[in-house]
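Here come two complexes built around subunit A, the first alongside subunit B, the second alongside subunit C.
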Partner chain A sequence: MVEAEVLVIGGGATGAGVARDAAMRGFSTVLVDRDDLAMGTTGRFHGLLHSGGRYAVKDPPSAAECMEENRALRRIAADAIEDTGGLFVSTPWDDPAYPDLFHSGCIEAGIPVEILSTAEILRREPRLNPRISGGFAVPDGAIDAWKTVWGCALSAKEYGATILNYHRITAVHRSDGVVTGATAVNAISGEEVAISAGFVVNASGVWAGDVANLAGCEGVTVLPGKGIMIAMSHRLVHTVVNRCKKPADGDILVPIRTVSVIGTTDTEADGPDDVAIPQDEIQLLLEEGEKLVPGFRRARALRVWAGSRPLVKDDKADDADTREMSRAFALIDHKERDGVEHFLTITGGKFTTFRKMAEVTVDRMCEHLGTARSCTTAEEALPDSGHHRFYWLGARLARREETLNDDQLICECELISRRRLESAMEQRHTQNLDDIRRTLRLAMGPCQGGFCIYRATGILHSVERLDYSAANSALLRFLQERWKGVRPILYGDQLRQARLDDWIFQGLLDVEHLT
Partner chain B sequence: MTAAGPGRVYDALVVGVGTAGLVTALRLAKQGADVLVTAKGVGATHLTSGTVDVLGYTPERVVNPAAALPDFVRDHPEHPYARAGLQAVGDALDWIKLQLPDGALVGSLEANFLLPTAVGVPKPSALAPETMAPGDLRNGGRFTIVGLAGLKDFYPAYLADNLSRARLGQEDNGRVEARAVTISPPTGGVADVTPMGWARRFEDTEFRKTVIAELEPSLDGGAVGFPAVLGLDSARTVWQELNDALGVPVFEIPTLPPSVPGNRMARALRAALTRAGGRVVMGGRVIGVRGAGERLEEVVVDAAARPKTYRARDYVLATGGFASRGLEMDSYGMVREAAFDLPVTGMPPNAEARWADEYLAAHPAARVGIGVDDELRPLDSGHGVVYENVRVAGAALAGAEPWREKSGEGISLATGLRAAELILERRGG
Partner chain C sequence: MSMIDDLIEPLEEDTIRGSLDHCIKCTICETYCPFANATPLFPGPKYVGPQAERFRDGGDHSPDMSLDYCSGCGICTQVCPQGVKIAEINSKARAKLWDERGIPLRNKILARPTLGGRLATPFAGPVNWALGNRLVRGLIERVAGVHRKAPLPRFAGRTFQSWARHHPSPLTDKTVVYFHGCSTNYFEPRLGEMAVAVLEHNGFRVIVPRQDCCGLPLQSNGSFDAARKYVRRLAGALAPYARRGHPIVATSTSCSLMLKREAREILDVTDPEVEEVGRQTYDICEFLLDLHDRGELEVDFDPLPMAVPYHAPCQQRGHGMGKPALDLFGLIPELRIEEIDVDCCGIAGTYGLKKEKYDISMSVGDRLFKTIEKLEPEVAACDSETCRWQITHGSGVVSVHPIELLYRSYGL
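The block that comes next holds the complex of A and B.
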């Protein structure tokens, strides 16, 4: 039995943000996710810390909100942010009337915007198509979802919260129209855990309709709008590059660490768990990439993934009383909507605005609970970001150079040393190499684990004292996970690497006959 | 020698210095042919385990490849073994053992060894270096697996854990008992020593003494398995000395590339070829060919400074598969053979249907390659011979999934030797 004042369902950015905010305002809080944290839409997003430029023409209030939150996240989550800056450039395929609208939209939304000449843009980003005609600089950035979400979770923990990852909520308890807690099932052991909580926040993203149903609040429809992204090897650009046009498919390239990610698309998914990758969308992204960076098709594609945006369609309630702040996210008050008390659903929005969404949600909760406590999440930095220094690509190399002679390099692509790997394993205390991958970006570079996965398995076997079958399934599961991300983009150098990996894992190690 | 030479025409031009190319060239050179080998870079031989896997799974584990092969080629008529003929497989194993130094390869086509891989799976191989053979698990036994503290590519505890549970099937008797020991011989303060770095250290007598001294107290009479880093040029001496000093059978277990035993094999083949008078142009990527009707006339090689043209009576394409860029696929899904631009067969037209959902499943696109007739000559989609003076050997061939079948070096040897024999036969012996 777990007891808390507040139960937050869903450990994506939104839920982790809510848990941190609630804990910082002094509520005893428990955060629950059916998977590891940030494995839903949050771990599958594009990595862009929006300046708001993308919404400057279409949705000025969203744009302004993005810029405000961009500033807040720079204050509190520096370690998760790479301050790349952003460009909006016009290619020959883009509407020549758009740049003027864009410029005035940015000014209206309070987004710092600088007009750049073609020559200046090409000086900054020499790989861009020389046929572009001018553009703008805005304060976009790149943000790491795992670092941010784990930062929020650890901060919440410091304020006394409990984190229950790998726990799926299977029932929400109600008594006389008041929500009183939930039942969670441990996804690894199958054990049931009863959670008693005076207030429940449903932050389960595209699954929010299902979770609302568990509380008997029916008819909350969340349509999953699926988008795919492809990580290309190397930094083809060092700045976030957006096409200066009405937002569409494949028009943003985000540099993240050692890769560049192109995205995205938008189609209605077959349910919240549909992450299938259609070939025609890959071709579309490559086509658009070629317009931004000539030769894009010959660059190496490393990994492809899909995630779904939660788009709320609530027929039952009218906009005025259920949607707070901006049309970009939905705070559903189930007391007003369904007569169910102490239950809120918060979904939609963007990664960039998660902190704001959390603040609005906890404000509403305080109203319901008849207590006034103020929010401090926009000022206090996350645990690893107290130094207020943005993440810098050279950091790993610099750290690596310091220990060159006394530590082994386990992942050559992402420069992960044996000691860092071992301490991450000890901290996470997991039998799942994919958890380690997300914590350290292990195996996310060009070789996609060809070398380090065997090493990591051997190390995990000894650090966690696994028996042979647990270690084998960690290895095999990881290979299968990796396969899902490369299968749709097997061509060029990535196919070559995949074949080398076939030779290593099957030809040499014969892993398919592990017991 | 100048470009194109004043009319110089080689007897044979071989493209690629992997096992297939080297074997073809060596066989031809030994018969006195004037052979030129050109290759963009080294082959996969440097990365392999050093064993010669001929047929390991069909998908059941194969005990006796000689007995299993007739059914296998009947079921897989497009397989390189079917194209080369079964005779070629046996001939190639007999022949290669004679070309390499004593003990470089032992074993036979009639019985697969079961040798531990670096994750502790007993893998079926027809031939293996003598330095690996005592690791054979077919009769069970007691094993001590030795790790080196400064080697990140070998995890003895994990290996031993699996080895003790390895399923050896009914044909095998005896249980496997395995345990792990890690030693920390001096590395000169370096945390990360590469397999090649270890091999050099093992060639040093003083270093071996420290290994022996550290290991002796923890031996229990069982055979001792080391990662395959026991010396490069003098592996036989290193191995024999460890056997003698430790008083128990010592063996090597191959691990991640770059591979020390793979390098030994590649070096031995290159040395034999040089002795036989074959000439190798490294850095020579083939960028184009000129054909006339059914014959390939000349080959353009992108050598050091400028393209050179070479002419030969016969050509052998041994450029490997996707792993060596012998085959390439572009982002539209078009597959191309990179050197001679030969037709490629076996690619499912529908992108969604190329690869299975499960990584370890059979993949429809895995058998892509060059289709050949039973004289190993490339075929077009209408089954016509493209060039009658071109043979294809090794991993470039269509019809196999060698990493699953465990048939990599077996295919390269059999088709490489067969290509040479066909050229010699045509030439009238």
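The block that comes next holds the complex of A and C.
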């Protein structure tokens, strides 16, 4: 039995943000996710810390909100952010009337915008298509989802919150129209956990309709708008590059850590768990990439994945319900909507605006609980970001340089040393190598685990004192998960890599028949 | 889609960085790297090349000094089965490193052989004495970071250019241009004379234009801008001949590689002059073997009854021409050549001269030196000058350019 004042369902950016905010305002809080944290849409997003430029023409209030939150996240989450800056460039395929609209839109939304000549753009990003004609610089950035979400979760923990990852909510309890808690099932052990909570926030993203149903609030429809992204094996650009045109498919290239990610697309998914990759969308992204960076289609693609945007279609909601929220996200007050008290649903929005969404949600909760407590999440930095220095691509190379000869290198692509790996394993205390991957970016480089993951399995075996069959299955499970993202883009260099990896794992280790 | 009709080629310089995409981490480069195997200070070509490159953001902050322990020998690129331009990636990253940190005085001096040559030639006697003096060398090591034991060449006291100016080459209908390089000019003018004699013996008129350094030592010491200036100037001096269709023949494998490839591939010099000169440039053994293949080489070789160990320098691989000296040796009766199967002698241009790298360089060359020593030959042969000095230093055996053996066998 877990007792708390607030239960937050969903450990994506939104839920982690709500949990942190509630905990910082002094509520005892429990955060629950069916998987590990940030494995839903948050762990599958594009990595762009929006300046708002993308919405400057279509949706200025949303653009302004992005810019405001961009500033806030730079203050509190520096360690998760790379200050890459962003460019909006016009290629020959883009509407020549758009740049003027863009420029005035940015100014209206308060986005600092600088007009750049073609020569200056090519000086900054020499790989871009030389046929572009001018563009703009805006303060876009790249942001690491896992660092941010875990940063929020650890901060919440410092304020007394409990984090229950790998716990699926299977029932939401009500008594006389008031929500009182929920039942969670431990996804690893199968054990049931009863959670008693005076207030429940449903922050379960594309699954928010399902969770609302558990509380008997029917009819919240969240349409999953699926988009795919492809990670290229190194940074083709060092600045976020957007096409200066009406937002469409494949028009943003985001340099994040050691890769650059092209995205994205938007089609309605077959339900919230659908992450299948349509082949035609891969082709589309590669062709759009070619327009930005000549040679793109011949460059090495590492991996493709899909995530779904939660788009709320709620017939019951009227304008009055949305007074406090921007058009960009949906805060559903179930007291007003369904007569169910102490239950809010927060979904939609963007990663960039999660903090704001959390603030608005917790404000509303305070209103319901009749208490006034102010929000400080925009000022207090996350645990690893107190230094206010943005993350820098060379950081791992610099760190490695200091320990070259006294620490073994395990993951060669992402420069992860043995000591770093062991301490992450000790902290996470998991049998799942994928948890370690998200913590350290283990196996996320060009060889996709080909050379590090058997080493990491051996180390996990000793750190967790696994028996050999548990270690073998951890390895196999990891490989099978990786394969899903590699298979759809098997061509060129990555195909060669996959062959070599296959010889190692099937040929040498016969990994599918290890017992 | 319309765009596909007129694809734009990616940037030329980008094909080098972009080649990191081909790395499948097979580690063949690391097993072949003579330096990674000799010192833990160098994390290896795969590490500093395709791996570390992903962490370089083009900004002005290179954190990995260990990169400087790459000698630039180029073996990694040659052995890579996937076509990753490892050595080239490393050279560029190293240049950037020094660009940010400032190039040490020592590297600036070592990188300008013409300057040293011009200043020291008139005072060769005292300079050579000083460079052979242990106290002076100790001082140089402390002040300038050149290792006290490192094999510095001796100044000849005269230049090859002054000899060439007074040497009338017979007028024939076949002309070659001789690119002698700095070391022949200041340190080994005899080699230049022998090369000219061998070419003339084969019926060529040999033109020796005024010429300056090719910029290679500057490049390998990280001064790319200065190196570009030098290679352009050299190409300017040689281009008129190239345009007339005259082959440009060189006795220095590394300097001719600069003209053939490195100016373009590493320094990004795309001038048409450099291109023209590069296309017409030949290593001298490569040139003679081509003649032989066409049946045009004089084969009036006298027997040389001796056993000679031969070391093919690592930069020679960059030429993609095999080991032409070996084929030429095969034409000399009674000459027994023992090819030593060691990739690198350790000197790598000016690398092994440096205080902090001398020991590494000697340990890289160790097996080569020992093998040569054991054979107790009269001379050893090697195409590259700095390698010859290193071999002589490490094994005590005088080492000569292959041309010298041809010269002797021709009885010139």
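Just so we're on the same page, the second predicted complex is superposed on the first by the 512 of 515 C-alpha atoms of A that agree within 3 Å, B and C clash if a C-alpha of one lies under 4 Å from a C-alpha of the other, contacts with A are read in each partner's own complex, and residues count from 1 in each chain.
By our rule, contacts are C-beta pairs under 8 Å (C-beta built on N, C-alpha and C of every residue); 3 or more make two chains touch, one makes a residue touch a chain.
Nothing here was measured: the structure is a model prediction, and the numbers come from that model.
In the superposition on chain A, A:Asp407 contacts subunit B only, with no contact to subunit C.
Residue contacts after overlaying the shared chain place A:Arg496 against subunit B and subunit C alike. With both structures placed on the common chain, the touch criterion links A:Gly507 to subunit B but leaves subunit C unconnected.
By the touch criterion defined above, A:Gly394 reaches subunit C but does not reach subunit B. Of the two partner chains placed around the shared chain by superposition, subunit C is the only one that A:Thr258 touches, whereas subunit B remains out of contact.
Once the two structures are superposed, subunit B and subunit C can be ranked by residues of subunit A touched, with B on top. Touch criterion met: A:Asn129 reaches subunit C, while subunit B stays clear of it. When both complexes are overlaid on chain A, the residue A:Ser189 reaches neither subunit B nor subunit C.
By the touch criterion stated above, A:Phe451 is placed in contact with subunit B and with subunit C alike.
Residues 298, 405, 409, 451, 496, 500 of subunit A lie at the contact with subunit B in one complex and at the contact with subunit C in the other. Only residues 93, 126-127, 129-131, 233-235, 238, 258, 287, 290-291, 293-295, 298-300, 392-394, 396-398, 400-401, 404-405, 409, 412-413, 415, 445-447, 450-451, 493, 496-497, 500 of subunit A touch subunit C when the two sit together in their complex.
For subunit C in complex with subunit A, the residues that touch the partner chain are 1, 3-4, 7-11, 14, 17-18, 20-26, 40-41, 43, 46-47, 51-59, 61-66, 82. By the touch rule above, subunit B contacts subunit A in their complex via residues 44, 47-49, 53, 56, 61, 117-123, 150, 152-155, 157-158, 161-162, 164-167, 189-192, 254, 256-257, 321-323, 325, 328-333, 351-352, 354-355, 357-360, 402-404, 406, 408. Listing the residues of subunit A that touch subunit B in their complex gives 279, 283, 286, 297-298, 301, 405-410, 418, 451, 454-455, 457-459, 461-462, 467-468, 471-472, 475-476, 479-480, 482-484, 487, 490-492, 495-496, 498-500, 502-504, 506-515.
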